[in-house]
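Since the structure comes first, as structure tokens, the remarks are kept for the end.
Note that the chains are named A, B, C and D in the order they appear, and that numbering of residues resets to 1 at the start of each chain.
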Amino acid sequence: MLHRETVLENRSLGSAIYRLVLKGAVAATARPGQFVHVQVGTATDPLLRRPFSIAGIDRPKGEVTIYYRVTGRGTALLTRVRAGETLSVIGPVGKGFTVPAAGELLLVAGGIGLFPLLALLAAVDRLAVRVKVLWGGENRRFLEDVGRATLFQMGVDYAVATVDGSMGHPGLVTDLLQAALAPETAAGQQAESAPSGGQAGALVKSPEGRTAITVAACGPKGMLQAVAACCGRAGVPVEVSLEERMACGIGACLGCACLVRTAEGTPVRRRVCKDGPVFDGREVVWDETG
Amino acid sequence: MLHRETVLENRSLGSAIYRLVLKGAVAATARPGQFVHVQVGTATDPLLRRPFSIAGIDRPKGEVTIYYRVTGRGTALLTRVRAGETLSVIGPVGKGFTVPAAGELLLVAGGIGLFPLLALLAAVDRLAVRVKVLWGGENRRFLEDVGRATLFQMGVDYAVATVDGSMGHPGLVTDLLQAALAPETAAGQQAESAPSGGQAGALVKSPEGRTAITVAACGPKGMLQAVAACCGRAGVPVEVSLEERMACGIGACLGCACLVRTAEGTPVRRRVCKDGPVFDGREVVWDETG
Amino acid sequence: MKPVDLTTRLAGLTLKNPVMTASGTYGFGEEYAAFYDPSRLGAITVKGITPLPRRGNPAPRVVETPSGMLNAVGLENPGLDEFLTTYLPRLEKLKTPVIVNISGFSLDDYALMAAALPEDSCIAAVEVNISCPNIKQGGLAFGTDPKSAEAVLSATRKNTKLPLIAKLSPNVTDIVTLAKAVENGGADIISLINTLLGMRIDIKTRKPVLGNIMGGLSGPAVLPVAVRMVYQVYQAVRLPIIGMGGISTWQDAVEFMLAGASAVSVGTANFVNPLAPLEIIDGLAEYCRQNGFTAVREIVGLAHR
Amino acid sequence: MKPVDLTTRLAGLTLKNPVMTASGTYGFGEEYAAFYDPSRLGAITVKGITPLPRRGNPAPRVVETPSGMLNAVGLENPGLDEFLTTYLPRLEKLKTPVIVNISGFSLDDYALMAAALPEDSCIAAVEVNISCPNIKQGGLAFGTDPKSAEAVLSATRKNTKLPLIAKLSPNVTDIVTLAKAVENGGADIISLINTLLGMRIDIKTRKPVLGNIMGGLSGPAVLPVAVRMVYQVYQAVRLPIIGMGGISTWQDAVEFMLAGASAVSVGTANFVNPLAPLEIIDGLAEYCRQNGFTAVREIVGLAHR
């Protein structure tokens, strides 16, 4: 589980997002929703490893792809690694997404939350499962930089929302979700309000006869909470990928705690790194103080 | 005094010694015996700058050369810097060697103590001053890697001593110095004991009529103390370049203290970084407890 | 060449080598088994347990600091009963001496746990974590008051024949007084240091980062403080010392042993390099070999010569 | 846009901005003048002086640690008289408020120095370093005993009208008690933290690295401990606080101010980046601007909301 992976690519996509391709042992067992815990430096500062979701898995080639946003010192240091160098990687770690074998799968992403969903998208049999991606971001520029082209290449139905309205639905991705889950009402209005450049039209494709919708979501905590609430109301199962600050990344330190409710309703602790990062959205206790 | 210098070269010479050539503002005012205080990393560990003697000064080109030995984490990190990148450098710092205008100059080096003496060697007018280098090291391999070729290119008289006898005089460089300062007695014996491959022969060139010998020395503390004692006995002025662990490198923290005796014999503190690193060898109090 | 003798004797406790893992950084011994066989270690120390299960503090519980980290896990643990019924049998299978770290909020808590820990299992010693607040005395940590510290050790001592390790808190004016107090209380071994109290503030939200506001600082940043305390305690107290606080490399471990530690514990470094404890074992042996020591115990306290 | 108001009031002291330099890291204000005009700083604090000249400790006096350093300079300084006759006139020329750090080994030492410092010079305040050993009381540091700490401040207070800054040592169980003690003693301002006691051992020589064996830990490594202490003291004491300990960037400075510091001091960071204090001044202003604060004093203590 501790590997030296060779860096095949590490380059900027714009908007402070980098793609990092690693060759080594991780790919052999990686599954969508799992992550890698990467040592970004060699000195004692920055000290801790950094967790990144596995966004692409090429098992035959032995390659995994991760996308990372430069947000602080650790990721800044990571940008300095060049192709040909190696990185110390713990992984794959964690419990990933359920890959549905039939029905309809909605992938709901907020910002860079798209990345782990890309691995799920690639893993699902799209002849048997109808997949749609709903993706929200700050603005058009961000979505273009981060991977709209990838979605396009992957030939998947998708709709986007931007906070500033520069692309797709002007507003939140949860608006799109709500529309998708209750097409008769909100979705009709959605389609009208969608600007011409957007893809929201995909949403109004006939939703009749959908029996087994499942949702997989990743993004900021507030968004995930809204997604879970929305799915809860619609009676749709949802898996969410949580983020928490991590130390060990493998379940030993209890640093990455979240709270879930058992079937009996008792709140119990879970470790995001080992018991997650993917959890059943209906179980997650979103606000510990509440 | 704080500069970003561009790295022109940073490569291994063998024996864990690197040559680093910097282009920028330092060269304009650098003098032999001064040093630069270099930031080796960008994170907070390793934290402090590292001091390195200026070994070569090319004022027209705006270049200074330093040689460093990889001894720990800071120098290890420094090896990773590539040509074209820049380094944050404080310098030139400190009080350098006196450059004699006439007479005879003996440069006495122990190991990598050769480096600052190279700058002095280059600065002195060798038409007016007769210069000899006496250099001691562990073994032949080290001397070859570190710069015997440079001495040879510079066309300077030199003699070497190695601890394991694999080159030159088998023993200490202070033996060579003793011989050079008292040629009638010891030097004769020296020449006989010098192996054929050595350059010790240079030592027995007639020393008559030498009136103004000065010595400049750099190397381990024990060696410098022996050199100072030797020069003291021979009544020859000697400048020694001291090393001490440093923090600020510019005289503000009092971290790099040494003790010197004033003309009246009172021991007083000096800062190696600012009042030195070059001191009059007769003033230095070598053993503080004594 | 004869191999270096790594055997380590700490009061009644004999270990195959002086390298163990620190409480709270090694779970209950299972996670790191994915990287290597834990029986290669001198011992493992498990997460601090309390009489009743504890859910611990809300997130975030960890945050990085320069060359260190803060944690505010808040003693999350399954509680004594669950430990004995679920975790102990699994620990038994690791074939490694296990040190059980106990934490309490009253003297009774400690006494109760000491009495409940079996003396004929893989449990090789009990480590008494005295850095917890003493609820009955206004929340002041047991470990900051010599009298309370002594009392905790006495209460524990009465109820077990297992070797007792007193784990000291570094958040004190005078570590030596505390060390003497736990010696008087009946400790067999002293381990130090626990974490230094610290905090960080998020300049975006303008709130403390940790859910618990303050947390414990560990990692390389604290190493100089830990080495100093080991050095001081070694001079003043006869008990063997388990040194910890920022140990990441064999060089660090050598430093602690020269300062006076008979054994060392690896904590935060596990998170960065899961193989650190093994590399330290090998490095200690190699250091001894290269410097002419035939047993690692010969280097203990040499810096005091 | 109106520029952000950086003016900082600390008891009787008004500074043009809240960024100063820490004692012992800035000499007597001359060295860093090679990099920038020191009058751009809120104030500079000079090396601790004692009644008589001191030669300090033998080398080595500094050693690096992970994200930090230890120093054992041993209060080398020219002594009070030489300070007044040689250094003060030169400081006068810097056109910057000067804080004079005084260190003593008896109450008389402190009283004598307070009385001798002119009240009508560039000296803007006196910083009382209470981390020194009290020779008359067995060498225990004044700063670790609330009664001694109070006494030092009282003794100083009687002899000067200059604003008095009490500089606290972090090597204590309870920083709040010490803060209250110096408040009672008559301090106008509290500065914290001084260095944490630490040591390192050279594994080659197997001896302590520092000539003095132990030294003071400073630099980024100690930042979380310092922020915590500022936060605690802000809650308990009304006096304004000068925060220091590991501040290297404007982000660090913001963290200290949110924790409750009205001003900050830059120490070890000067050695790494001589321009750090200026970058911090600019960064503080920019942070205020971007977050809608018109004066830097508005962010003081916000983490307590």
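Here, a contact is a pair of C-beta atoms (placed from the backbone, for glycine too) under 8 Å apart; a residue touches a chain by one contact, two chains touch by 3 or more.
Here's who's who by UniProt: A, B = Dihydroorotate dehydrogenase electron transfer subunit; C, D = Dihydroorotate dehydrogenase.
Remember, it's a predicted structure, so these values are computed and weren't measured experimentally.
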Partner chains that chain B and chain D (Dihydroorotate dehydrogenase) have in common: A, C
B-C or A-C, whichever has more C-beta pairs in contact: A-C
Whole-Å gap separating chain A and chain D (Dihydroorotate dehydrogenase), where each centre is the average of the chain's CA atoms: 47
Separation of chain C (Dihydroorotate dehydrogenase) from chain D (Dihydroorotate dehydrogenase), taking each centre as the mean of its C-alpha atoms, in whole Å: 34
Geometric centre distance via CA averages, chain C (Dihydroorotate dehydrogenase)-chain A, whole Å: 38
Per-residue overlap in chain A, given as positions that touch at least 2 other chains: 44-46
Per-residue multi-chain contacts in chain C (Dihydroorotate dehydrogenase), two or more chains: 66-68, 219-221
Interfacial residue positions of chain B with respect to chain C (Dihydroorotate dehydrogenase) in the complex: 44-45
Touch list for chain B against partner chain A, complex: 41-46, 73, 77
Residues of chain C (Dihydroorotate dehydrogenase) touching chain D (Dihydroorotate dehydrogenase) in the complex: 65-68, 70, 144, 171-174, 196-201, 203, 206-208, 213-214, 217, 219-225, 227-228, 231, 246, 251, 254-255, 258-259, 287, 299, 302-303, 305
Complex contact set, residues of chain A against chain C (Dihydroorotate dehydrogenase): 1-2, 39, 44-49, 88, 90, 244-259, 267-269, 274, 288-289
Parts of chain C (Dihydroorotate dehydrogenase) lying in touch with chain B, wherever the complex brings them together: 66-67, 220
